[in-house]
């Protein structure tokens, strides 16, 4: 169990997670609650169990598992045996719990749905990060997240060693093709946003050719997104920019292509799949 | 564009979707709204655009795309060019829209996040369904869904030609290993739930051996889940049950194994991956 | 104080009750809070009090009373002296509490509104159940519940020795006259739902004549509702069905008629009045 | 169809009702929606139907029925054929509706649950009001209302010709026995609240003897509640007060006793049963 | 540190404040939380700090500061060193806290935004109250409050020694010019509301001339608002009323005019500025 | 009526405002609604009215007024006669409305509470902006906003010609004294955040001396906040920075000092009072 090397992160306050966990429990309990456990298990039975990774991966979302249990049994105990960001082997115990048996079984699915999904994101991120070892490129996410889970999924990306792109439409400027078209070019678009953007807001522009890149560089955006550039064009772009702007490669990124992209010298590589197509990390809850 | 053959489904009422769409828009708009579009695009500009499938797949979630737009521009027009459940080719236009340009661009990501995710679930389901063609087996989902999206993801499974397992802890009995352990066996567990379960509630029990299957059959549950049975055991189970209970195969199901499992004669095959690990269907919004 | 004999039930998790209790307290406290208690009672006064049944009845909803108090004074003590499902005599102490006097008095009405209402449902249910003693018939509820209180009222029905019909439009099929009309008959309707219904969903059909009953029996629904059948017809129906379907009598059920209906041999008797017209059980909070 | 004579009322704005109706629909639709109607009825079928009173009574809550339908089919038509407050005969058509058949059937139960419950409150209120004809006494409600329905139930009381007592703990002072005890008497309690109460807040005190009444009268509260007074004591109280305070009789009020109480000359008679124990008015939705 | 003399008040229950505090924290934490503190401060660092008044004023809202911290660190300690309603000097320590450093810093702004705003309202109120010393007039607020903060701001007015006017449109009658116009005069308006108003509801009417005042007095409202009366007219009004109604002066009230208005003998002076234009009391959080 | 010169802004989508407006209406309507208007005004009366500025100022929040009315009367008409950002004279008509009289009067206070508050913020901002005419300095806001109104108040600052600082704890880094202390200096703090901050996030550090400024400049933050610098030190700071970082003056800013501060050459001047202490702009609703 060793922690991911690059990056570092603080867990989200419970205040930001608990409403989601409560809503997820309510969704699963429906109007009658866990009728199977209620029928089969006496109300004062207790259960000891462990969250166990069935496959190797990177852990993210222990707090979700803890809160799911705590919401149904405030007196339950949750003992983490790993930390978010840890790379674990198959069979690793991630946390041990003791609580009312009904509460444990009723909370199980919600706990796992969140925990395994976030660990899946972290694990896929770590896979991408590993492919870029030895380069300057950092793996970043996008806004292609699961509705209502953005904060958690972006946290999971950090757990996997990745970094975050903007969190919403409001915390950074990202000029895309439709904006460029509406403004009549990359340059006019950058001039326009410069007039409007607050001084605490970074400005990124998407370009799809070296020509657009040159125009963009003249207007000094903070970041330039190179959209679907071929590898040689990425190299040319890095040379052209020579540090005048942060360069983000985007489009056509997958586990087969990411290493070559990283070696072109770009600063960031954004990967929508981290959050829109990550398979879960298989985690189970085993009675002890 | 031909619709999925097996299964049929009605769309969810807007009342069940709109609160989620609103919350997703609020998540993306944050506190300042779409600062890029606001800076680049005049308030009265209009935009015509089309949702286009970039890959072949099965459509699910048109209503989410429609509502995301309607929430930001109630006067916008949304013209569907496909229907949920349609299998479409790469390049297929799924819907055409016209509305305020800012609203279209601000709603785009939320619309796509839901639409492409649900279509991804439908597409993966359809792939499993296709593998079981010519068998009696139906592909079903599990409770391993995205928190707060269960109703929509299970709808997407229906769009893909699959069927739904229970929707929550409360609408059907599913006796699992921990319940069996607490009751002291499959038989006692079935007796116990029979005393408690309402008459409108189906009863399923999970068994992990032919011996447990025999015990279960004696107590006439509605459904028996065969957990991680080897293929020969599945065949034996089908013969043993001979119609006395519905049989559901579960565990170790993937695109390589599903056909052989289906050919054993089981009635249902449950696949958690339909909702916990489906990659999105790549859908884009192209300005026209 | 002896517990109701038939039936058994687990209490709902606090997570399912507390949001309702909080909302009810907010409704009563309004914008200024309990201005009378604030004016009359020093902030550090404590009060010892007891919930007392003023009439005989069956208890349901102790958790609501407990949570109403806990929401206003988390340090208060709540000592139950009875359990949900207990049949109690007039004067019985149901729970003793100690807490900040202001909190006790501010929570009193919300606690009683829920507690006495649910106990009223349980009490009326128990009265119906008692009338059917010695028959196979079980008393069940309907969807004619108070908006937003369905889970609690159906729980109260269980406390009173009754059983639950479906909890909503989504957890079981119930084909009614309008559905039959739209499908062109009981048979076509049953065929239609059979194609659509998930395998974990029970199917019930309402019939209003012996002829329709015969047609229904041919299609093997799980349950058949005999709507407003005369007593002789109910007996005929029981004979006709001879165990091929569960039979539910519905319509015209009241305390005068229920015994005769039960004696016809039907399996279930549904009574809307359990939840739509039950008078409260008179419970008071007495300072000790 | 003639309207209730005494009293008059304005309907609540939709803004105050719609959130409750939406929540009630969500409660009933659950996670899968109306699976029966979806299976049986084509999506474009339309249905014409009428809300019909099956018993005579007083109407309250037409807006709830209208909104339940509108929430599921915004294009549906709702034609009221009666008005809230109308006394109607059995068989009276209260409203006619046309809309998507699925929406009509899905909304039916929620519409009826609210409409019949509120009409039940109005009907019971009107019955009490009728018993007090020819006296000065007005029938009023209490805070013994259904949680989350207080505004609607108190509206229904007005529809039935009754008047409202306070709406919550915050909009008027009501000194009860525990407050009197904490202050050391009716007089000290009235002095205490007089110091604290805003000038826009009425003050009522509960007394349980003529002696306490005399003490109360000396302190000029706006209203005095005579709690469980025998009839002769009520008459004495009226004479004693001789207009110096509004007198409210409370406790032991039922349809057998209310007339005699009214004839003692008290100003108001509060009846908890109006809202805590009113049976519904039987209303049905008939396809036309 | 001496407490405000006139008036007295009880604090609001946490139940009424906490949802607002949680929402305010969520607004400030956004989707990524406090990224500065997370980067700079180790997760287990603790911080001791004090809320300190930077200017003299009257304290209101300690509970808001306490809850903001408790929501982010339930184990934190909050030691009040002053009480709501206290008049404090610049430099006064209002509360000392110890908790996780990240939680303290993340909660700081929300705690101060509420605490300093409410203390600002209390301070401005106390200033007005001081100006009316020696008169019978009490300073009262209006409905010109900050949306969603009405209960808290009216509490702050009480902390400052003021009293509250009505809390909303529903808890008292206030007939204004448009109502008078619709009814055809002050007299008809008073007759109309008298027919409709519940007996627990006070009635106030706004008049803008001595003539209207005379008409109003004939109908015995509880309170008469003298709108924008000149000082001599106020004096005449007091003489005219001679105790038959409570008189409230309104309009044109500021710190320069309030004393003269108070000396006319009116009972109440309402000041919208207390809540719509009060500057904050400058409070800081200093690390200790 | 001329629009503010510097700055430009887009209005917030209704989706971001309407929930707040609805909540504010619910707060004001309480449980019984507008009992005065309901008593005095027939349900089908219509009213024509105009929002009128009683004092000169800058307009912000027309959409709030429009939505407050629309929420109570969806068929009402709202005709803006000014635009957000307009500087208007006393007496200027800002919008004309026609709708149901009850709805207009019930919505009036909520409409005004939001509209006049936001216009107050815009007006105060414009006053500060006017004082800095001819300098490079822009007036910016802080996080000292009214809880739950941050998005609207920051919008009002833009309407007044100001610009926005960060919107929350999560969209930009702002290293303050406690962070510096925890890291052991300005330099270490900047190094620490540089490792953690995403590339789309700007970094600002607060310094309280020229020495700290020099240390900060070495680490190239995007922005440096000069906290409570004397005027000569501000000038020295501008010279020292010479464009290497954006400089923000903070602390001790008021209408008397802002011009001199602006003339030192700083880029931004942050003013907490814009949102924490702005008096409202007096706006009234006059029946026409």
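Just so it is clear, A, B, C, D, E and F label the chains in written order, and each chain counts residues from 1 on its own.
The criterion applied here is as follows: a residue touches a chain if its C-beta (ideal position, glycine included) is under 8 Å from a C-beta of that chain, and two chains touch if they have at least 3 such contacts.
Remember, predicted model here, so these are calculated numbers, not experimental data.
S.K.: Touching both subunit A and subunit C, which chains are there?
M.R.: Both-contact set = B, D, E, F.
S.K.: Where the centre means the average of the CA atoms, what chain is farthest from subunit B?
M.R.: E
S.K.: Interface check for copies subunit B and subunit F. Shared numbers divided by all numbers used: above half gives same, below half gives different; which is it?
M.R.: Shared-number fraction below one half, so different.
S.K.: Per the centroid of Cα atoms for each chain, what is the distance between subunit C and subunit F, given in Å?
M.R.: Computed from C-alpha means, the inter-chain centre distance equals 52 Å.
S.K.: Based only on mean CA positions, could you tell me how far subunit A sits from subunit E in angstrom?
M.R.: The answer is 44 Å.
S.K.: Measure off the straight-line distance from the CA centroid of subunit A to the CA centroid of subunit F, and report it in whole Å.
M.R.: 33
S.K.: What positions in subunit C touch 2 or more of the other chains?
M.R.: 9, 27, 29-33, 38-39, 106, 150, 164, 167-168, 170-171, 195-196, 201
S.K.: So how do the chains connect up here, line, ring, star, complete, or something else (other)?
M.R.: complete
S.K.: Would you mind writing out the residues of subunit C in touch with subunit A in their complex?
M.R.: So the residues of subunit C touching subunit A come out as 9-13, 15-16, 150-151, 154, 164, 167-168, 171.
S.K.: Using the touch definition from the top, list the residues of subunit E that touch subunit D in their complex.
M.R.: 8-9, 138, 140, 163-167, 170-172, 195-196, 198-202, 204, 222-223, 246, 248, 267-268
S.K.: Once bound in the complex, which stretches of subunit F touch subunit C?
M.R.: On the subunit F side, the touching residues are 27, 30-31.
S.K.: With touch defined as at the start, can you tell me which subunit E residues reach subunit A in the complex?
M.R.: On the subunit E side, the touching residues are 22, 25-26, 29-33, 38-39, 43, 71-72, 102-103, 106.
S.K.: Tell me, which parts of subunit D touch subunit C in their complex?
M.R.: Listed in rising order, the residues of subunit D that touch subunit C are 20, 23-24, 27-42, 45, 47, 101, 105-106, 109-110, 112-114, 116-117, 120, 143-150, 167-171, 173-179, 181-183, 189, 192-193, 195-197, 201, 273, 276-280, 287.
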